[in-house]
Structures are given as structure tokens and as C-alpha cells.
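These are the structures in question, set out in turn.
Both complexes shown next keep chain A, but they swap its partner, so chain B is in the first and chain C is in the second.
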Partner chain A sequence: MVKRSTWSLPYFIFMVVFVVLPLLLIVLYAFQDGAGHFTLSNITRFFTDSDSLQTFALSIEVALENTLICILLGYPAAWILSNRKLNRSAVTVMLFIMPMWINALMRTLATAELFNMLGFTLGKGTLLFGMVYDYIPFMIYPIYNILMKMDSSYAEAAEDLGATPWKVFWKVTVPLSMPGVMSGVLMVFMPTVSTFAISEFLTNNKIKLFGTIIQENINSSMWNYGAALAFIMLIIIGLTSLMGDNKQAEAEGGLI
Partner chain B sequence: MAKDYIIDIQHLSKSFGGVKVLDDINFYVRRGEFVTLLGPSGCGKTTLLRQIAGFIAPDEGKILLEGKDISGIPPYERPLNTVFQCYALFPHLDVYDNIAFGLKLQKVPPKETEVRVKKMLKMVSMTDYEDRSVDSLSGGQQQRVAIARALVNYPKVLLLDEPLAALDLKMRKDMQMELKEIHRKMGITFIYVTHDQEEALTLSDTIVVLNEGKIQQIGTPTDIYNEPCNSFVADFIGDSTILNGTMICDRKVEFMGHEFDCVDEGFGENVPVDVVVRPEDVYIMNHLEGSQFSGKVKSCIFKGVHYEMFVETDTGYELMVQDYNAFEPGSEVGLLIRPNDIQVMHKERTCNTFKARVSDAEHIEMLGRHWECKVPEGCAEGDELVAEVDFDKVELLDHQDDGRLAGEVHFLLYKGDHYHLTILTDDGDHIWVDTNDIWDKGDLVGIDIAFGAIKLSRSNG
Partner chain C sequence: MKKVLAKAYLYFLLALLYAPLLFIAIFSFTESRVLGSWTGFSTKLYANLFTGGMNGGSALTSAVINTILIALIAAAVSTLLGTVAAIGIHNLKGRKKQTMQLLNNIPMINPDIITGVSLFLLFVFLKVSQGYATVVLAHITFCTPYVVLSVLPKLSQMNPNIYEAALDLGATPAKALWKVLVPELRPGMVSGFILAFTMSLDDFAVTFFTRGTIGLDTLSTYIYADARKGGLTPELRPLMTLIFLIVLILLIVINVRQEKTKKKYSK
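Presenting the complex of A and B:
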């Protein structure tokens, strides 16, 4: 009789080969020069290169803007979807989630074509549009989820204690749905920092994001610098996810 | 009109999806009173409370608060507060902020807020808990915070929706005493919803008994217990034996095949009545001298304070008796019921009465079905008649498909030698049945009425 723990072996091997080894390789490459000697120059190069730093700052800025727009548009959408008086059918929810079924690259290409056809100049505006379009379902869904599960007696209790519907929303509904918002933020913010396809297609590479320069470096065989940049990005993303890492978000946040 | 009523409910009705949940509810609450809405689950008591709180708008009728109709006022503008069954404490706020929630909304100065919150915490014995998160509290502690959160606003009326239902028995008893104490100290009017008759009897100044959306009886706990006005109330409150009887004349009633003196008058002569005998009111003795009738003990169970016995009387009725002394099963006993302890009630009905319509010379339409029966002479097709069916002429069948009608056992009452059942048909009609067979509440049954059991008469008498 084979021990049950051995059943997990294939998954373990998969994780090692496709997750752990690549990560180790990134770290290894990041701290080596072209000849394979240990060096910190890749890291210091990033922090001394104003172009890289500017791109990095712009990436963070775009990611923050994208996240903010997603919250501002996504929260009301999730609230309306979860409100049984305003939305009685599951179809509307599906319509919001459906874009997630289609490959993001396809959607982005289609959006770019649409902008070309309409004669819009591609730039930061179109970039943000594409990002919001791609990522907003990831914001709506966890918030919708938590609002749906929220016990209506909290709102009733607040109303009973003298809160107008407006106050109920701000003092009870919003605070209680924060874990959902946190999940949404993690799922929108982290991928937007590293995205490059959207900026490539929707700005014709006019705007370069952090993901873009990593891709360019690796494409032009500058493995070590590319790995260093990827390593820095990983650290940043790790830090943001630690920020949002609380037990409540895990328990109630839906997707993460 | 007396203006001392803090709450006055007039002709309140509410339906959900065509089903009448509350039907013409009328009652008032005096200032400072502890009123309990008591009834089995689904009787409409919570709906009634939620209408007073403002979460549900009534279809018809008025809710007057100090003489002003508040039906159209949203909950947040009503000077009432609710203690919810599930507590509904805000998990993102600590104990202090939960209690201060209402005061902050009213823009009470922080100093005063602090004084009032602390006072409330002391009142519910939760001092030193203000910084605790509500998740870290036990059920009983959460209940206390919920009560403090409502009372800190000094509401005109405090509404409590089965607040103790989630607590275990011992804690529930302690909290009952504390609630009564809080009510006494604060002088605030309480409207309390419960399905627990003992809790209602313990706590209330006035009990409103509800069943199927209608008020059955309003009275003090003693009134409700000692003088139930119908068999539902008698059965629901406390233990009782409910028997069919006949009022022979004033102060004389016959039941269980014996004649008894009683104190009731004004029923008329030879009128069928329901008689309620509380088990603790039956005197039981091991000799026949001085007894009114005899019986044989069938079973005897120790209940802590007393023994509960079922006695088969000489005339074949089963009677529940409670006594401090045990009588061995099988022993012959003498029994006595004093005139004061016999509660006589009007019968709500003596037979089933349905509307019928003649379809042809040998058939009528009744309860949405066609029935074969003897149609009185001179009746033409389409005539409206009244059909009467005796309780014991209705047949109940094990399978719903076997009957002409299908239904469900809705309510059952043991009447000493038979069961009196209320059947709710799938079409929503009530049929009352006397039977010796044992059924349970919720059993699905087929219903049939034999040829010849339907008595027809002209609707105008």
C-alpha cells in the first residue's frame, strides 16, 4: 500500500520545476554578471539608472491609478449587482464576469484596433482604459462576493440605531466589505505593475512600463539585468501583498 | 381616547405573496409596560415586531406612537430600538463603539456619550469590556452588548426579537431575571417576541397570544394561564387536558361522562363547550370517598418537583394529573376537580362549514371538488348552499393521492379520548377532523368525505 502523502509527489515535482527552480534561477542570474561571477552591479545599475527608475515610478503610478479607477467604478457596480432590489438576475453578474473568459491579449488587441478605427491617439488615456477594462472584473468579483454574503441584519441594526441609508452605507457596508476591496486591490495592483502587453498594444510602445523593460532586456539576451529587474519587482509585489495580508481578507475576500 | 398608550396598533394587516401573515391586529401598549408577543413559529409575531420597528410596511392599518401614526416613517427616524435575535453587533467595531453607534449618529457630545456608554456597560454588567472586539465575546456577553447598544439611546420603546433564543437554558433563566431588572430600572416600555410560553409568563405584564396571524387572547400571565379563551391558548400555554363538554345550565357542566359544578355562567343551556383542566388542578387520592369519579393510573413519571401521571377515568377518558405524591401505575384512584379550577370555553365551531354550489341533481361543488350527495329538493343548478360536515365524518388517508383532497396536519389537540386535528388543504382551506388514529404535525394526508356525511342547507338559513 502506497502512503497517501506520495500522491502529492507529482504536484510537488511540478511546483519545484515550474515555480521554485525558475525563482532560484532569477535570483541566481540577478546576482551574476555575463561571465557568471557574483556581482551586485545589476541591482546598483537599476538604482542609478534614471531611465529605469522613471519607468518604475511610472509603472507604480499607472498601477495605482488603475487600482483607484477600478475601485471607484467597481465598488458601485458590485454594490448594485449585490442589491436584490436593483438586480434580480444572475445574468447581469455573468455579463460583468464574462470578459474574464476571453484571453486578455485578444481583448487588448481588439481594444487597440477599436481605438485605431475611431482615430484616438494612443497614449496614457488609452493605456488606462485598457487596464481598467482588463482588470475591473477582478475588482468587482471579490467585492460582489463579500456584499452578497453580508448579513442584512447589520444594515438593519444600523438603521434601527438611527443611521440614514447613506450613513448605513458608509459606516457599516463599506467597512464590512473592506476585506473584499483588499482582495480586489491585490488582484488588480500586482499584475498591473508587471504588465507589458497592454502598454505595448495600447500605446504602440510609446509608454514603457516596468514589465516592458524586463521583457526588452530578456528579449535582447540581457538575462542578468532582466533577472535583476524581475527580482526587484518580485520584492515590491511581495511587500504589497504582505501589506494586505490579514486573516480576515483570506477568510472573507473571495478569490484570494 | 386614552392617551396613555405609547403604542396603539389598529387594524394592522400584512400579506406576503398572497398569504395573510397578519390579519386585523389590534392592541395597545401602556407606557412602561412589558408586553410579550407570544406564538408558535410562523404565527406572525416577528413580522409584527418588524412592522413596529419600521423594516416592513403594513398593507393596511396604523401604528400609533404616542397618538401619531408612524407607519410612513423610516426606521432611522423612529425613536424605537431593537435587540435582534442574531445580535447583529458590528464586527468591525469594539464593544464601546458598538454601544456608542447610535449616540454618535445623534451627534451627542463625546463626554456625554462616554458617560452614557459606561453607565450602560455597568447596567448590563460588562464594565471593563469596552475595548474588546465583539468576536471575542460569548453569546451571553454579545446579548448584553446588544441590549446596551439599544438602551443607550433611551428609546421610547425597546423591541426585543427572541433575544434569548440562542442561549442555553441556565443562561436564559439568568438573562430573564436581568431583563426584568433592567426593565424595572430603566422604566422603558418593552415589546418582547418569543415562542417560549414559560418565558412569556415569567417576564410579561401583558401577553398577546398570536396564532396564524390573528390575536387569540390578550391578558396578564395569570389571566392567560387560568382563563384561556380558546383551545389553542389552553394548549399552547402550560400543560392542560382539553375536553369536549356540554354546559347543562349556569354553573353546571358535563364532561368525561360526569357532571361537575363550575363557576361559569351565561353560556345557555345544553351548549357544547370546550373544557380545560390543568393537570395540577386535579386532586388525586387513593380512596374513593370524597372523590367525584374514579380512574386507573396508566403511567407515572417523576418530573423533579412533581409526578406526572396519566389516568384513565372510569368513563374511558385520559386525564393528565400532576401531584407531589406518586401513584403506582395500575392502582385505582379517586379524582376530584374543584369548580374554580374548571375553565369553560366557547367552542369555535361544532362542525365543518363549507360553501357549496349545486352542480346537478346528485352533485355539489365544494372545496374546489365535485362531491356526490343528496341535494335537497327544489335546488337548481348553480344554487349557493351551506354544507356541514361533522368532525368525525371526515376520513383521513395515509397517501395524499388516495383522497379527493390533499392536505397537511396543521395543528393537533388531544381531547381525552380522541384527537382533534386541523388539516390545511393544498388549496389553503381548513378542515377540522376528529379521529382516534395517531397523526403528527406536518403529516401529509389524503382527505375524503363519505356519501351521506354532507348535510346541505340554504345559505340564508
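Presenting the complex of A and C:
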């Protein structure tokens, strides 16, 4: 067979230029002042600015709550969808993924308008609901995927050995589906922290999340501070994906 | 009983998920400028959409065309680049393979805003003026990993002997590639292409940061600017309804066909 390993070379070069170099540039800009000299002031500015810190804390809080609600609502749905006795139609599964094909901004705006019409004041509550709307398909799908692939003989063995259905669920099904949950968490948590536009629409500009302040700084040409904020986000991404052992989650949860 | 409860739960969630979409669809049949106020049944917005007599002028039309063109180009290039890359990665071993897989994972883990900001800084750093080309490059960057992940499993499922047999029977490597390898990989390439196409269609943040200041709008950035001005272009409602219907019909057709072929094989 002809040596085909060299075929990965173009992609390798592409990735270095368009993925690795840009990430390094975030770090570079984060530690530079406007004139290109090394400085720590961008980072210290974040830690001493109570507005940025508050936004940051709020973003983490909203993201945690959103992730938790998505798991609580999404896990049972994924479990029902994957259970052959309860659901035999692939169309139902598809209906859950479908909204992802509709422009997210448009869906979010419609959600906000719906809240308006029903008389809810736009604020933290509507923000959270809207976030769950937007992200729950990303939680359901990986969990569903892993439950479908799961070898049913483990659960059967536990049953044969006398475990109650409840016990089988908690001691066998849930632990085996954790990689799917992790991959769902990765697809919900960080994107929530970093959304902009969505949070502005859902709260009528009352609540800003971390993504919004990054965008505002970049757009008003404060690249260095914007890069510093992006750098802080990169560190959190590194931490969350280390915790989640993402390689396994990505491989087993599958994306679509 | 259990089954009824389970079904009820699923339909409850679906009702929540589809409420905003249904809301748009209903109000696409009234002329009111503001979403949520009903001023009587009318199909004028649909008519406007097709005759081009829109409230927002031709900006919406060009945003739609841009969105589709960018998605088509990005998906096509990603599919080519990703398939070649997947063949390469499949044949790598040990450390090198791990490095490539790790690199491939980075754009998927990065939130859109990080991809957007980092590419924005790249183009600023390289002093590239931003516009169509930078948006397309940016889209290729976040789409290709999904193609790689769609094609890789097809490579490991494939029997490598078929390819060698073709060579033994006198096919040139190019011919063996085209007649043996590509047909085997085609399902992975197709699903990779579709995935890349939809990711590109739906993107907002990356486009937002890499489109520069030449006034290039895709559907997402158009909607964003529109909403900030206050008041959406009413024609967006019928547009979204139509997109929704087209996607729904396509997905149902694909699913029904898949289920039919499955049944055929299981008989």
C-alpha cells in the first residue's frame, strides 16, 4: 500500500495556521499593551474590576444552572428515546434535534417575544429558560447516542442477579452513560458562558454574560483587554475539558 | 401506564421546544411589523419574500444568498480537506496520530467566540483585510474537524484488502482510490458535508468577528443587526417558517426511507 500517512500533512499545516497560531495570538495580545510591550495589566485589570468579575461570576452561575437543568430534563428524555419498549420511532428522536437546524438567533428572538407576549418580564428567569431551550438538544443527543450503543447484557446481568429496576438504572445504566453526559456538559457549559447576542436578546440588554464583554472590547478596538478576557476563558476551557476527559467523551458520545 | 407517562413527558418537552417556532409560523400570516401583534390573516409577507418587495429592501435577499454560498463553499472545501486528512490520520501511528486527533478536537471544544476572536486576531496580525475570504476560511476551520470525525470510522470499518486487491488486479493507485476507496468513504463524506453545511449555516459568532467592515451580512448577522435596531424585518417570519418546513420534510423523508431499508434487510 502506498504511504498515505503524508496525506495528513496539508491538514496539519492548515491547523497550525488557523487553530494553533490564532490561539497563541490570544495569549500574545493578552500580555501586551497597545504599543506591543509586555504587560500584566490586562490580567490584573480583570481581577480588580468589579464589573468584569461580577459578569464573570454570573456567567459561571447561569452556565452551571443551565447545564444542571439540561441534564435533569434531558437525561430522562434521552433514556426514554433510547428505550425500545417506550419508543420505537426514529422520527421522535429527529424531532428533538430538528430545532438545531433553525437559526439560533431567530429562535432566541422568538422565545423572547413569546415571553413578552405572555407577560413575563425579561430577566434572569427568562434568560435561563431561553438557554435551556437553546441547549437541551445538545445534551439529549450525546446521552441518547451512548445509551443506544450500550450493551444491554450488563443491565440484564444485574437484573438476573436480583437488582431492582431502580437499582439497575442507578448502578449500571447511569455510570455507563457518563461519557455521554460529559460530552453533553462540554457542549452546554462553555458555550453558555461564552454566548453573546443570546443573553442580550433574552434579557433585553439587562444582563450581560462573559461573551458579551469580550465582544464589546474587541469591537471597540480594545483588542488587548478583549484578548485577556478570551485568555481567561481559554484557561477555564482547559480545566473543564481536563475534568471531562474530553477525548473519551468526544469519541463515545459522538456529536451528530 | 409507564409508556403513557414516558410519551407524555416527551411530548411536553417537544411542545416547549417547538413553541417559539410555532409562534413565528403563526405570525408569518399577518402583516404586522411587530412580532406578536395580530392584524388579521394575510399572506402578503410570503408574497413579498418571493417578489422581493421587502420592507428591508434587498439586504435580506443578499444575506440569504451569502449564507448559502458561504456554507456551500465551506462545506465542499471542508469535505475535501477533511477526507484527505482522515486518510492520512488513519495511516498515522502512535504519537503523531494522537497529536493530529488532539489538534482536530481543539476547534470542536472551543466555543464560537474563542474561534471568532482568535481568527480575528490572526487576520489583524497578518494584516489580511477581512471579508468573504476570511469568513470562508474561518468556516472551513470549524467545519473540517466534523468531516474528519465522520470519515475516520468508515476507514476503520473498511477492509484494506479490497484496495490492495484492486492494485493487484492492475488498477493504478489513482484508479483504485477513485473506484474503491472513495465509494467506501462516500457515506462518511456525505454526512460530513451535511454536518459542515448546517454548522456553517447556523454560525453567528465566527462570522461576526471575521467579516470585517465591508458590510458583508449572512442571515445570522443580519438578524443580529436587525434586532439591535429594534424590530425584525417582518419577512424573516415567513422565511424561517419555510426553512423549517423544508428541513422538516427532508428529515422525515430521509428517516422514513432509512426505516424502510432497515426493514427490508431485517426480513
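By our rule, the second predicted complex is superposed on the first by the 232 of 256 C-alpha atoms of A that agree within 3 Å, B and C clash if a C-alpha of one lies under 4 Å from a C-alpha of the other, contacts with A are read in each partner's own complex, and residues count from 1 in each chain.
The definition used in the following text is that a contact is a pair of C-beta atoms (placed from the backbone, for glycine too) under 8 Å apart; a residue touches a chain by one contact, two chains touch by 3 or more.
Being a predicted model, the structure only gives us computed values, none of them experimental.
Looking at the shared chain after the overlay, A:P175 reaches chain B, while chain C stays out of its contact range. With both structures placed on the common chain, the touch criterion links A:R84 to neither chain B nor chain C. Between chain B and chain C, more residues of chain A are touched by C.
By the touch criterion stated above, A:L9 is placed in contact with chain C alone, chain B being left untouched. Of the two partner chains, chain B is the only one that A:L161 touches; chain C does not reach it. Overlap of the chain B and chain C contact sets on chain A: empty, with no shared residue.
Against chain C, in their complex, chain A makes its touches with residues 1-12, 14-15, 17-23, 25-26, 29, 73, 76-77, 80-81, 83, 85-87, 90-92, 94-96, 98-107, 109-111, 113-114, 116-117, 133, 136-137, 186, 190-191, 193-197, 201, 211, 214-215, 218, 223, 226-227, 230, 233-234, 237, 241, 246-247, 250, 255-256. Within the complex formed with chain A, the residues of chain C that make contact are 2-3, 6-7, 9-10, 13-14, 16-21, 23-24, 35-36, 81-82, 84-85, 87-93, 96, 100-114, 117-122, 124-125, 137-138, 140-141, 144, 146, 148-149, 160, 163-164, 167, 173, 195, 198, 201-202, 204-205, 208-209, 219-220, 223-224, 227, 232, 236, 240, 243-244, 247-248, 251-252, 255-256, 258-259.
Residue ranges on chain B touching chain A, taken from their complex, read 53, 55, 74-77, 80-82, 84, 86, 88-92, 101-102, 105-106, 149-150, 153. Per the touch definition, chain A reaches chain B in the complex via residues 151, 153-154, 156-165, 167, 171-172, 175-176, 178.
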